[in-house]
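My questions will all concern the structure given below.
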Amino acid sequence: MKSFALFKKDISSELRTRYAINALAMFIIVTLSIILFSIGNERISQSLTGGLFWVIIFFTSMSGLSRVFVSEEERGTSLTLQLIATPSTVFSGKLLFNLILVFAMNTVIAILYSALFEAFILRNFALFLVSFILGNIGLAFASTIIAAIISKAGAKGTLYPVLSFPILLPLILTSLQLTLFAMDGTSFETAKFELMIVVCYDVIILTVSYMLFDFIWKE
Amino acid sequence: MIWKIFLFLLLCFVSIAGISFPIVENPQAWYEFPLIKGLEQNAKIIFFHVPTSWITVVAFFMTAIYSFKYLRKKNLDDDAKSYAAAQLGIIFCILATVTGSVWAKFAWGSFWSWDPRQTSIFALLLIYGAWFALRSSIESEEKRATLSSVYAIIAFVTVPFFIFIMPRIMTGLHPGSADDTNAGPVVDFKMNANMQLIFFLSLIGFTILYFWMWRLGYKSIIYRDKLNKQIIRG
Amino acid sequence: MSEYSLTAELVNKTYGRRLIFSGINFKLNFSTIFGISGPNGSGKSTLVKIIANLISPSSGKLVHNLDGTEIKSEQLHNHIGLVSPYLVLYDEFTAYENLNYFSEIRGIPFNKRKIDNLLNKFLLFNRKDDLVKTYSSGMKQRLKFIFGLMHSPQLLILDEPTSNLDDEGKEVVYELVKEEGTKNIVVIASNEKTDLSLCNEIIDLNNYK
């Protein structure tokens, strides 16, 4: 499949050069360290623990997810892609890459986080898992389309969080609520509404992204 | 010209009435407002806070509509209309946030408490800010219009999440939120006829003001661009 | 043999307030070699990009036809081969890997024999497993030709085709152009007289300001 081929190309390029992986790994370590240092020996509440989890996820995403489009644009290979693929193939391939990247990144963050923060106890683990998966999907969807937008603009680095934050805010707020529910041990029944919100968000953002990508991609 | 005078008089009346008419327990005279439990004296801000919030949402809606039109026809006039709407939108958004915080200080004790509606208006402010930041980073006219139109539409689809869903699921302090049993449908039942009249007049006045300023805004952008193009060509 | 045709009607391009060119009209049928000439900055590369469906004209139409039916924008890319100075290939991969990925992304099966033939023709066979990072500019130019030809396009667009090439390379290109010109459409945008001498029709962008 064509978009899968594009995804394979991106993955092997990444494995060969290791730009993004190194930068992201260091970023995660640095961010966790800074937070741990700032907290010191204080005990932090459950809701603060949940909140910080999503703070780390957001900033790590901002540092790594724009690469899919920005690197193509900066090297001039966007043109090459335009010559060999339709816009939807390009978007699908890049989306797939970002999905894998988001899951990898956030799994590492979640594991490190639960090891380092004692208040991060997930009483309803199944709920956490479901909301983790749905939230990561939404994160990947929204970040990819915004990455496409800023890759075509100037001032790419600073603009990315500025544009992404308002779009991601409903997702982050709801996912945060779900994480807190999971930490409290709330049942799936109670969390149903929030889960539906995340599902709707994912579907809506994906649909809108596909429809709008053509306008962004071709000059 | 006449309706501009009419608009001026209307807004003057609304402002004066809104600020100066007293709030009393049992309104007798035509210029007295009833006391609404939970709001009491700060109820007057409703004449200014709600219209400005209303306008900022209308402006955002219009930014999104003209963004959509631009993407279909690639007519830069639609982009100018979108821009004029956003300019007014951000101004009214700032006004709504400020009037909202002032009200919050008096009613709930602090300027900001992350109530869902407060979060929503703040998110809208961030959207407008991001939109302008995006525009200022792009040189080419068509690219600027295309990319900002795409962003406006994406932002637009996230707005329903703020407006409808979040206040329902999160408890909030706003009148009309999920757990507010007291000041429920303030407009319908608690206001008496006079208050309702001033309120709706304010709403109408601000809306007309907005549309007038929007028309002036987009026309001046279009004329300025045409003049610039002529100077270079000629 | 498929019959490709390209028609341009009143094609204009302006960037902001700058007019690049206007009123371009031409109709190209298969087995044509079409030249675009003009000084630097006259818009040759812009017109090339419009023909290659990378940017849209400000007004006017450009229609690609295959056997009488118009080809939609989404399907054009597999009918067009572009060689250009601003084309960039992935230098972290070898030539072979680049071509392999391009095939897969195009959705066209990788034809090893054909690719090997092209690599031989352009004298790159020995370096096919070297990273493009290590290539000289002449080698990159030749690899771009292979990129442009590997999917057998009916419309071959060459922007400054002989730049960076030595005499041997130029010979290969001229032979190729003549051969392609007998069955497909070749568009050459160049300032070099020798490049343009291959063309049976030439437009000068100076005339379209």
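For clarity, chains are labelled A, B and C in written order, and residue numbers in each chain start from 1.
We take it that contacts are C-beta pairs under 8 Å (C-beta built on N, C-alpha and C of every residue); 3 or more make two chains touch, one makes a residue touch a chain.
Please read these numbers as outputs of a predicted model, since none were measured by experiment.
Of all chain pairs in this entry, the one linked by the most C-beta contacts is A-B. Averaging C-alpha coordinates per chain and comparing to chain B, the farthest chain turns out to be C.
Distance between chain A and chain C, defined via averaged C-alpha coordinates, is recorded as 38 Å. Taking each chain's centre as the average of its CA atoms, chain B and chain C sit 52 Å apart. Averaged Cα coordinates give chain A a centre that lies 32 Å from the centre of chain B.
Contact with two or more other chains is made by residues 219 of chain A. Under the contact definition stated at the top, not a single residue of chain B touches 2 or more other chains.
For chain A in complex with chain C, the touching residues are 2, 5-6, 8-9, 12-13, 16-17, 75-77, 79-87, 89, 93, 218-219.
Only residues 145-146, 149-150, 152-155, 159, 162-163, 165-167, 169-170, 173, 177, 193-194, 197, 200-201, 204-205, 208-209, 212, 215-216, 219 of chain A touch chain B when the two sit together in their complex. By the touch criterion given at the top, residues 52, 54-56, 74, 77, 80, 82, 86-90, 92-93, 97, 101-102, 104-107 of chain C touch chain A in their complex. Looking at the complex, you find that chain B touches chain A at residues 71, 119, 123, 126-127, 129-130, 133-134, 137-139, 143, 146-147, 149-151, 153-155, 157-158, 161-162, 165-166, 169-170.
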